[in-house]
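Next up: the structures, one after another.
In the two complexes that follow, chain A is the common piece, with chain B as its partner first and chain C second.
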Partner chain A sequence: MNPLRPEPDGLTYLEQAARQEPVAQPVSAPTKEFKYVGQKVRRVDGHLVVTGKAPYTHDIKLEGMAWGKILRSPYPAAEITALDLTPALSRRGVLAAVKLTTGRVRYIGEPIAAVAAVDEATAEEAIQSIKVEYKVLPFVVSPEKAMEENAPQVLDSPNVQKLFEYTRGNIKEGEAQAEVIIERTYQTSIEVHHPAETHASIAQWKNGRLIIWDSTQAIFSVRDQIARSLNIPASQVRVIKKYMGGGFGSKLGLNDHTVAAALLAKEAGRPVKIVLSRRENAYCVGNRPSSRITIRGGAKRDGTLTFLHMKNYTGGGVGRGDRCSEPLIDIYRCPHVLVEEYSVFTNTCASRPTRAPGHVQGTFALEGFLEELAAELKMDPLELRRKNYSDKNLGDTGIPYSSKGLLECYRLGAEAIGWNRRNPVPGQAKGKIKRGIGMATQIWWGAGVPGTVADLKVYPDGSIEAICGTQDLGGGTRTYIAAIIADVLGLEPQDITVRIGDTDYPWAPSSGGSQTTPSVGPAFLDAALKAAKELKAIASKKLNCPAENVEIRNRRFIDKSKPENSLSFSDVARELRRVTVFHGERAGLPPGFAYNSFGAHFAEVEVDTETGRVKVLKVVAAHEVGRVVNRQTAESQVVGGMTQGLSASLFEERVMDEAEGRCVNTNLHDYKIATFLDIPEIITLFVDSIDPRINNLGSKGLGEPPRIPVAAAIANAVFNALGVHPAIIPMTPERILRLLRPKEEKP
Partner chain B sequence: MPADKKRFKKGISRRDFLKGIGGGAVGTALSAHLLPPALASAGAQAGSPPLLSSKRITFSLNGKETTVEVEPAETLLHLLRDKLQLTGTKKVCDHGSCGGCTVLVDDQAVYSCLYPAFRVNGKHVVTIEGLSNGKDLHPVQQAYIDHDAYQCGFCTPGFILATLALLRQKASPSVEEIRAGLSGNICRCGNQAKILAAVKALASQKGGAL
Partner chain C sequence: MIHFELAQPQNLQELTTFLTKTNGSSTPLAGGTDLMSLVKDGIIRPEVVVDLSTVPELRGIRKDQVGVRIGALTTIKELASDPIIEKTFPGLRQAALSIGSPQLRNVGTVGGNLCQRPRCWYFRDPLFTCRKKGGSRCFAARGRNKYHAIFGGGICHIVHPSDLAPALISLEAKVKIVSPVGEKEMPLENFFTLPSVSVRQENILQPGEILTEVILPPPSPRKKSIYLKFTERGSWDFAVVSVAVSGVVEGQRITKPRVILGGVAPIPWRLPGFESKIEGHQLKETAVAAAALEALSEARPLEENRYKVDLAGVWLTRAVLSLLS
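What follows is the complex of A and B.
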């Protein structure tokens, strides 16, 4: 199951999770007395990564392992009329070949057949030898063209389909109350995830059980989906992922190549590894859907919003586009709202969640609209946002947020960027190189998933194992698990052996949607508190003092009233006499409250009006995510999200050749990603808060938040510099120059 | 030159690039001012005759003399990862665009995905596996941990070696020199600001034996 894609009932997995009844109430109130949690803790597994020893899926080699390659459609639309694997099978070194599809293919890169051979080169040559006959069909790859009346039909249903609609109040009424009304259109381009480690899987059948090593964010989803796909019991599948070179949403479910590896491994009778090429990564494993969002809305002269009407056409290839309206529906107080969103289908591969799906596009539009509305109202754009601030979700018409630190983000961010330095009127900047300052607001979910389980094993010698089937995407999961346990049990993080990334371990949700920390952290805190309780009871007997007098610190159990009366950790653990497992669980979310994270980014830019180049000078990222568990890795998450957002704002765009239906930038030379030369000064700020209900840690997820408001803040800064909003990302020099031309050509 | 410039604009394929190296002066001239440092050093290898059949080569790999048979079209990356099982060096773009496969050849950072394996004959190759003595981390490795200069860690071996090459060229580079020196490496997680902090800290420790 994909946590971010709506299920048939229209709710995303995250929303369903939020609606679940509480499994149990938190075992303890959030505690403030931590030594490591909330501080900067170095990664406990850093040495493995910096020495090149961390085992990524790409690096795994099994005894007798063969290499698989996939034959993919070279046409964006075609009927396969004949498919013959014999030429491949008769080649030397080829071990197995399987058909993956018959009939119609609808995008370049759709898998057709797969081959396993003794090495990668032999497999590559073998797939080229497969005989396929195609009846080439008309296609369309651009959403604009796909919306035209006589466009070739991509699926068996229309190219434009309703994705989502929402109404509250009556926009006619809101329109009547408005004193200023504006309408603007904003566009975002298709981005490709391009994780450093391309998608890869290794499949092995061992004693009737299928073992998969997969570069994935979701080991349990891969297990359940491949079991269904191959019609075998999920109990007979084990999925392992130890280290992964990035995913950003493109690795949240089962891939075709994983199924192919399993089928080939069965037929070849040996393990099969398939590693996608960079080109396959560009064509076949998803992207962020484009958006074309028009917002018509109005306000009173004092800035009070009266209505918002949003219409979105979003292109997700043969898959659905992204629902982009969530920020508009939720953040600002507004009584009358109408949302209409449409997916536009094209002959390109299906989109996948991309770090903060929908929110990135929706925020770009909503925050751009507010910036332009503020200019129209001659109002400070930050003041306009404060004016429409709300403590309840659904624009002040829903339930209260459990905690919301947005006003503090505004205050801290404005101070750090020097908000009063901006051009009071957009476009007032002088000279050929113009400076501007802009900001944008962010909202996301990230409450975590109730029912996440974790085991803490205490060995009689005092050593500790922490076990959970979660994934570390690079956020430092192992480190905060160790830090939480170390804090509760009076140990050091390096004392804890953390085992994750295996479906044979206790269940955890997929690592997407900012779910990991607020799911896994609380489960381990629960387990650690249970272990501490039992160990303290043992210690109190041995120390001959009441249990509430026992304190654990510096690897010792200490009688608080008589500190010299103490025992070592292992002296107490020995009394357990066997390996003892303490089960922890992430408790339920108390109903009646909305659980969201908040933040605001402030950007300062320089626009060269002669070359059209936008240079980002400084970004201040202020976030409220409840308790920050590890400041060291949290800062990296913010720096990374912000940098990815900058990259998408200025450079990233999948460019299609509409005549051939091909992607023209499939490598990392032509698909531009920000480099060291583009990195601005970055200031990371966290609002000091602990959510009182969300979980026993008081923490919200931080994966998506820093990725959300960046493009909007940068574009708004460009607006502040030039007086005209770019309204599209990436803001390439060409687009900026086009933006300036009509204005300068006016007599 | 105009023909080559045109080709460069279109983007250089691996084959074009190798041809460019074979072309001697053209390859070097191109790389000298247009390509990132790691590529420029690969261009400096111009002049070696092309290899027509497999060949036995001997080179120093992380200080150990290594003899191995290489194929004409084999890249150094393939030799390291697939033949010698040194999987610390990563394949990311396989196109000389991202620096993920960076290793040191005679102290120069090179993109091993573009570097012909046979050219390391008689040279010193250092990969990420060769930096630590097994007990203590190399100061660059330690700085990457201390400053949390990575997230997923996949580009990290390449970045660490590029950093080392940069600091061996100049012990205390300025911030702008660090930016330029590491601009041939891409961090998709976007952690450059943290990497910059790590390298700045190293640069300020003048005279450190790197």
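What follows is the complex of A and C.
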């Protein structure tokens, strides 16, 4: 160890260690080979985060740094006929101004020009002074209106376009076999990206190289995309991201403001920082596209599915929206499936991936449909799902899943929620305030990316550096890296200096799609195993015993047959005589298998039938993600995903004024996100299993899974309470009251 | 981002003189929870912000022969934790505790809560120049209006956002208003004005005037009060509908009831018809609900806020019944 060498974060190892409680808390060990992996391991950087010392992108200040601001279109559709930066450039304190577009703007907030100035206020005033002339054009902001025949055309092609289609079997045949057929439509609203830390970038040109500090989930994508966009070699770009105040998909890849910062920095000859306001964030960084999904499907009386026909219209602004059919195509055994998905373009900013893109919307529809089908069949909805369980993907027509712990999720979840307490017939609950219980199934990918590389540096003094160009979104990446290495090398997690978040480090994939842990963890495990092998060989010589007899624990190399015969870790490392780098790599995925994660959420709700208020009382989240690497942060991930899902189920919705084409709820009071008092009792359960082939850890990703089935489970619980499915999120009091109003009164 | 000068008057006289002198270009600052967001969103652009925290006369809660006096700069937290309020005006305490979040209650003030600007999303958005901001139309009338007024709208459909106002009016509170030329007291009920009277502001305050004190009548052990607030989320939310009720309760009878709805009109909305319907009778749920329905038959909901009429009916019934139990 080198206790005196300061960490990049400013604390030496000893300072950090002194501040920490013993790292592991005793819980039942799921596996024997690890001391920390699989346990509850405290965050190695938790103290830095809660004391405000962790450097977030918003915190970065560079010498001579200027502030950038972006002029954005105030119109949903317009032609820019004149754009003059001179008034801005002639203002005192303005250092640079650039044009970002010249032609047509297609949504409010589309960037037009940018200015860098000595401070934020000057930059703001300068962009107001830019002269722009617009020819205002007709626009449409609602997908329903955009589908109408005479709607203004948003892009150069028609507003409705085929996004995806899929077919297997023949739905006509499936329909003939069905004994019960139902058709239902489900809708999800637009959910806006609102990470606690708004988007921000700082760009600096130094000795011909562009350095970018970015609040991003994907440093390598930002590097490659900005290199392409500025036509410079990727080798001349370095992207850094140390700590992150939330990223749920809008920070996957390059953003306009980052390009603007780089252009301004070049022109100003100074570093330029651009931080988006909450309002800009609401208008410009993307969102979860809406969906309107109709499912027509049928089953035999015993619940065997015979066909599923799904149609989706997804509204992603000037973007294509989300494909939402994966869960329907994959999860349940069903021979005849037809999927038709369409994008509907509107004059609003493009949708972006949003924590489990498509799966959230698709699961809301599919699982709602199954709940209603079960009611029609007078079947226990969980039984219906078990009846159509499949061990192969594509609804039992594809390849086998490498591992699938869904049945166990069902068993654990049903037991924890008290499944038998639900209303056997939906809507049978008595009184004005009705309770109900519902559930929903989840599937996701999250196998990780082969080819992820990581370096483990062993110093002659025994200190360890773990280096990888991955990024921590807040999920605890540094902690599990430290835990894995500590376990293999007989050290403690706080002994490992973890360096991540820099494109000068070995390559790792974007932190999206639940792929960080199953990519980075295995690469470090590989590197640590290589280091252990070499160090054990050295130790065996010094201890004079066979290498297979050497074990490493408590920071010592020990001769298993003669435990008093031992050496300290640093005594062995010293024999390396130089810094030695062990390269680890995440190996390939064996072909012939499908790699997916599974889970099920169970929700209990209370619906006030007089006020329409839905209160979620309890959620049980049961997940199978292979080996759980850090139980502490895994539980946090589930609580976070569940909370975000609950928020979207009950509150979150972008509200547009259609006549003006503007969003009316851009602030965080009017765009409602769940508060602490909305969070129910949460029970987090994991099926402890190890996937036999997915990677050397046996782990799958957990970022998205807990976000996926929440709304479906809550809506199904409301269905169980009321006997009528809400079929749309968010389930606001207004919508629930409308649902309960006698038919003839409905507007 | 935003430049303004800060004035710190040392007493009430200095304050009102300064406000008169700087008429139109200055804005008083109490807790700042509302003012700062109005400034940051570009809804108002004051040249001078007048800090009230240096004016000693505006602080504290005290009891005298007139009643209970609450200084305008008393924080919501102080109000909610005051023993007199807790013991004798439970409805007011419930209203105070329903406001915002602990952080907002720690800095938000009683005077600020009464003088806060509406939460209408058109008013709060710099891109919409609505009537309240000097424009020529109310965007909510035909736009997105699920949170807007079901009573008293007309030319502007905001709802008054205050939680304290309905509770205080139900308790017959008065307010003291001071200006360089003197001071006056009036029932809080008369403090608020409809858009038809003054679309640019929500109360009667004239340039140079400042609300300094809220005065509650002497505590009466026979009087009961309640405040029920309906919000979409669990905290940090303004009322979709709220109800304040006070009166003398004996068994299942209420005498001298005062019933005020919040969140439904540009001002706290008193229901005199409902009050007289429920006064003095042996009350059952069906009768209260019927009286509520009748009172609400005068509501004029917009396209998206009809549910607020239903909610108000349920909330009125529940508030009265809770007061009785």
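The rule we apply is simple: the second predicted complex is superposed on the first by the 710 of 747 C-alpha atoms of A that agree within 3 Å, B and C clash if a C-alpha of one lies under 4 Å from a C-alpha of the other, contacts with A are read in each partner's own complex, and residues count from 1 in each chain.
Note that a contact is a pair of C-beta atoms (placed from the backbone, for glycine too) under 8 Å apart; a residue touches a chain by one contact, two chains touch by 3 or more.
The model shown is predicted, which means the values in this text are computed figures rather than measured ones.
Where does A:537 make contact in the superposed view: on chain B (first), on chain C (second), on both, or on neither?
After superposing on A, A:537 lies clear of both chain B and chain C.
Which partner, chain B or chain C, touches the larger number of chain A residues?
Of chain B and chain C, more residues of chain A lie in contact with B.
Touching A:617, do we find chain B (first), chain C (second), both, or neither?
It touches nothing on chain B or chain C.
Looking at A:399 after the superposition, I want to know if it touches chain B, chain C, both of them or none. Which is it: first, second, both, neither?
It touches nothing on chain B or chain C.
For A:660, is the partner it touches chain B (first), chain C (second), both, or none of the two (neither)?
In the superposition, A:660 contacts chain C only.
Where does A:82 make contact in the superposed view: on chain B (first), on chain C (second), on both, or on neither?
neither
Using the superposition on chain A described above, determine whether A:672 touches chain B (first), chain C (second), both, or neither.
Once the two structures are laid over each other on A, A:672 reaches chain C alone.
Taking the stated contact definition, name every residue in chain A that is touched by chain B in one complex and by chain C in the other, in rising order.
667, 669-670, 674-677
If we count contacts the way the header does, which residues on chain A are in touch with chain B in the complex?
Interface residues on the chain A side: 42-43, 46-47, 49-54, 56, 58-59, 61, 194-198, 243-246, 248, 277-278, 473-476, 632-633, 635-637, 639-644, 646-647, 667-670, 673-677, 679, 682.
Can you tell me which positions in chain A touch chain C when the two form their complex?
74, 120-121, 124, 279, 610-613, 650-651, 655-657, 659-660, 662, 664-667, 669-670, 672, 674-678, 732-734, 737-738, 747
Show me the residue ranges of chain B that touch chain A in the complex, using the header's touch definition.
11-12, 85-98, 100, 127-129, 131-132, 137, 141-142, 144-146, 148, 150-157, 160, 178-180, 182-196
Contact residues on chain C for chain A in the complex?
1-3, 37, 41, 101, 119, 121-122, 124-125, 127-128, 139, 142-144, 146, 230, 232-238, 240, 304-307, 310-311, 314-315
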